[in-house]
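Presented sequentially are two complexes of chain A, the first with chain B as partner and the second with chain C.
And then the complex of A and B:
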């Protein structure tokens, strides 16, 4: 049981909880406390010093929107955002209650009356915006991976294809998402026309921009990973006369998984950064739009709220990276390799 | 200087004020492809998004701007600028905002159209009710971050019957925002024709047009008939009184000749071309931008 928990913690990268588990089972407490001090104490001390410096430094800079917010103001605004979320949910509940009462009265008077159930059109709360951002980056990232991994595998295996694609990849790789955005917006507006679309245009634009910017690391890393697998393994495939698809699925993919996942991790990181910029301009209702709207509002607590969003973006990026790391460790065949 | 948009009320008010002071604000020449509005200009006007106007002025990119609230009070609050004049002083009781819909939407949703107009009339009446008594609550709603989002005090400065011309110089201007008083919600044709005349004055309407053309344009876009339907429904529902509205049977849609302009030029909505002849600066008669 204890070993299972320790294995899980090491798999997910939360290694600093391991000494706590060992302490709980009474395994050499002094050693665990020393480990704890090293793994947890030192980072905590660094964070506390950072907060202190932030608090002191922020008070010194006065912008036209007021003083730069310190940790205290940011914490207050985070609380405000949570409160606003609950207030909005209350409003939504009351709206549906009022609608139900109205519809019930209508049916009482005339049992055949057509009643309408309208969805609530209130504002999105902060948590809705977080979910929208995560969903958009997920969609963009999945599309990017579905394109990049097959293309990467084929160009890794075939030298001709690689030299054909390489110049295109190198030219498109450094293009910033903000440069793609106007083109993507125009193309989506022209092509994605329908009376009742499932996804809003802003969502499609943001997701496609994420795709265009995050497929390059996966593509390149997959190609490099595939082209650097052990020649012996390919030869085994030839000896056994395996057909192309079997070679790919049984030999190529399993041995290049580490490189593919490295690419995926970098892609997700880049995709998350790109998403915030794309959302600001495409007005997809996520964290990017939240930051942009707060900036446009210019109220005295706008800067603090933007800071809350900045920290949220950082923490979410960290968590996304952790998820990818866990998946990478899970899929890797070489359990002894150190993957950070 | 900054303004909101080439066809915004702010653009025309800013140009009117500059021209009244003898400064040429520039012509448009859309037929020649020049829509920057800077031909022959003494003062260059450009488009700036309202929320960015205080910071753009602070940065020195523009020397001034014409915009709606709260961006003027925002500049006063931050000590980066002062409002030198309000449009109440340029043209007393001028029209500012309209509710516009596309013809296709109006055709597809006639009942919703009337319902929305009724809601707007009721909201306007509430805003002016009890001698501006409901304004503090209105300011609280507007200061929410999903609406205007500026601070309560900044918005309250112009919505609750005062206006701060400079830090410490707060004057009583009870009609600074009028929503319902003086029949403010009624779509007068003369309002539309004033804006059309200014568009002609600055070249956005590039060719000379007859007085009938101005009237026809106004009648196509301003719809007092829809307003009357909504108002009559409200009166029969008992929510508002017939005295709150102009007399629909006799109203022509043209206000009597208006004289309260900053340069004392009289505006008669029935004679737009004669009105344009009175201005020293601006296109008139058969003029075309060269």
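And then the complex of A and C:
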């Protein structure tokens, strides 16, 4: 049990907690405490120093929206956002309760009466916006990966295709999401026409923008990984007369998994950064729109609330990277490789 | 008379910016079934190229290779190759590495049970049963090469090609593996072509030593028949006059008659 937990923590990169687990199971306390001090104490100290500097520095800048918020005000607003979420949920619950009672009464009077069930249309809470952002980046990232990995593999295997695609990749790679967005918006408006759309246009626009920007790192890394496979391994496949598909699945993909995941991690990081910008402009109801709305709102709390969003974006980005890292360690054959 | 393996008048040109480069010129060689042949020469003389042509990885520019009356022009499991750096798939265990080979060679010819027995048998042949579930990264270089040999043997090749199989190993491990290889050879009597740059290895293991001249346009310089009795024992041979005669023959060829001008 203990070893399993430690294994899991090491796989996910949360090595901070390993001494805690060992301590809890009573393994040489002094050694564990020393490890803990080293692994947790130092980062903790750095965070405290950072908060101190922030607190002191923020107090010195006065903007048109008042003083730049320090850690205390930001923490307060984070609490407010959580409270607002619960209040909104409570409202929603009451709305449905009222509706159910109303409909039940109607049916009592006249069993054939047509009853209407209306969805609740209150505003999104902070947590709804986080989920929207995560869902949007996930969709955009998955589409990008589904395109980039196969194309990367094929172009890594064929020099001709690689030299055909390379100039296009190099030109499209550095384009900012802000440049793509107007084009994507127009194209989506023109092409994505439906009376009862499954997804909102803002969502589709944001997701596609994420796709366009997070495509390239995966594509390039996959192609490089595939083209740098040990020639002898390919020759083993030739001696065994494996066909093209078997070679790809048994030799090419397994040996380029580490590079593919390196690409995927970079892609997801870029996708997450791009998403916030895309949501601001496309008005997709996620964290980006939250930041933009607060900026336009301009109340005395706005800056604090934006900072909550900034920190949320950072922490979520970090967690997304951890998820990818864990998957990389899980799927890669080289468990000992140092992955940062 | 038709021999088992016929390499006849093989030449190969590699394209370079300054026109074709002739690496091998007019190499002819016949090998009997069950014969162990070593090809020795200075590095860069094209001995690996000969093997790659027999293996079908390279195409000869002129001439060709005939195995059991059929021309060879693409790679195949009937000419299994043991690569110098073992070339095991690092994500597969030792067993799975051999399994991949057995499954693709004997698909439809052996039942799953027979395949399993055949894989285990070949791993046992190289004395690796104790580590068959380990990944290549978890075993030593010598052990990796043993699995590489097991994988090649498991293909039941007509000719076993070995490209400096022990070149990357230390002297003691190399001696162990040579002994193992001799032992296996006594049982199976395979036809083997081995590339080497080690004189002792060549004399100890071979029935015939092919000595290559230096490139460009390398070709066969001399052929030495080694008529030492089998089974050969490393210890007994170290003082054996006949053994030392063969040894000095090869050394004289390599370092006197065809010494490399630039080391």
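Going forward, the second predicted complex is superposed on the first by the 340 of 340 C-alpha atoms of A that agree within 3 Å, B and C clash if a C-alpha of one lies under 4 Å from a C-alpha of the other, contacts with A are read in each partner's own complex, and residues count from 1 in each chain.
To be clear about the criterion, a residue touches a chain if its C-beta (ideal position, glycine included) is under 8 Å from a C-beta of that chain, and two chains touch if they have at least 3 such contacts.
Owing to the predicted nature of the structure, the values given are computational and were not obtained by experimental measurement.
Colleague: Applying the document's definition of touch, where does A:307 land relative to chain B and chain C: first, second, both, or neither?
Modeller: Neither partner.
Colleague: More residues of chain A are touched by which chain, chain B or chain C?
Modeller: C
Colleague: Go through the superposed model and pick first if A:123 touches only chain B, second if only chain C, both, or neither.
Modeller: In the superposed model, A:123 contacts chain B only, not chain C.
Colleague: Examine A:277 and indicate which partner it touches, taking first as chain B and second as chain C; both and neither are also allowed.
Modeller: neither
Colleague: In the overlay, answer first, second, both or neither for which of chain B and chain C A:251 touches.
Modeller: The second partner, chain C, only.
Colleague: Looking at the overlay, what does A:229 touch: chain B (first), chain C (second), both, or neither?
Modeller: Once the two structures are laid over each other on A, A:229 reaches no partner at all.
Colleague: One more residue to check, A:238. First (chain B), second (chain C), both or neither?
Modeller: Touch status of A:238: second partner only.
Colleague: Go through the superposed model and pick first if A:299 touches only chain B, second if only chain C, both, or neither.
Modeller: In the superposed model, A:299 contacts chain B only, not chain C.
Colleague: Quick check: in the complex, which residue numbers of chain C touch chain A?
Modeller: Spelled out, the residues of chain C in touch with chain A are 55-57, 74-77, 79-81, 83, 85, 87, 89-91, 100-101, 104-105, 135, 137, 155.
Colleague: Which residues, counting only chain A, touch chain B once they are in their complex?
Modeller: Touch list, chain A to chain B: 64, 123, 293-300, 302, 305.
Colleague: Would you mind writing out the residues of chain A in touch with chain C in their complex?
Modeller: 230, 232-233, 235-236, 238-242, 246, 250-251, 254-255, 257, 333-334, 336
Colleague: Could you pull out which chain B residues touch chain A in their complex?
Modeller: 49, 51-52, 54-55, 58, 74, 78, 80, 143, 145-146, 148-151, 154
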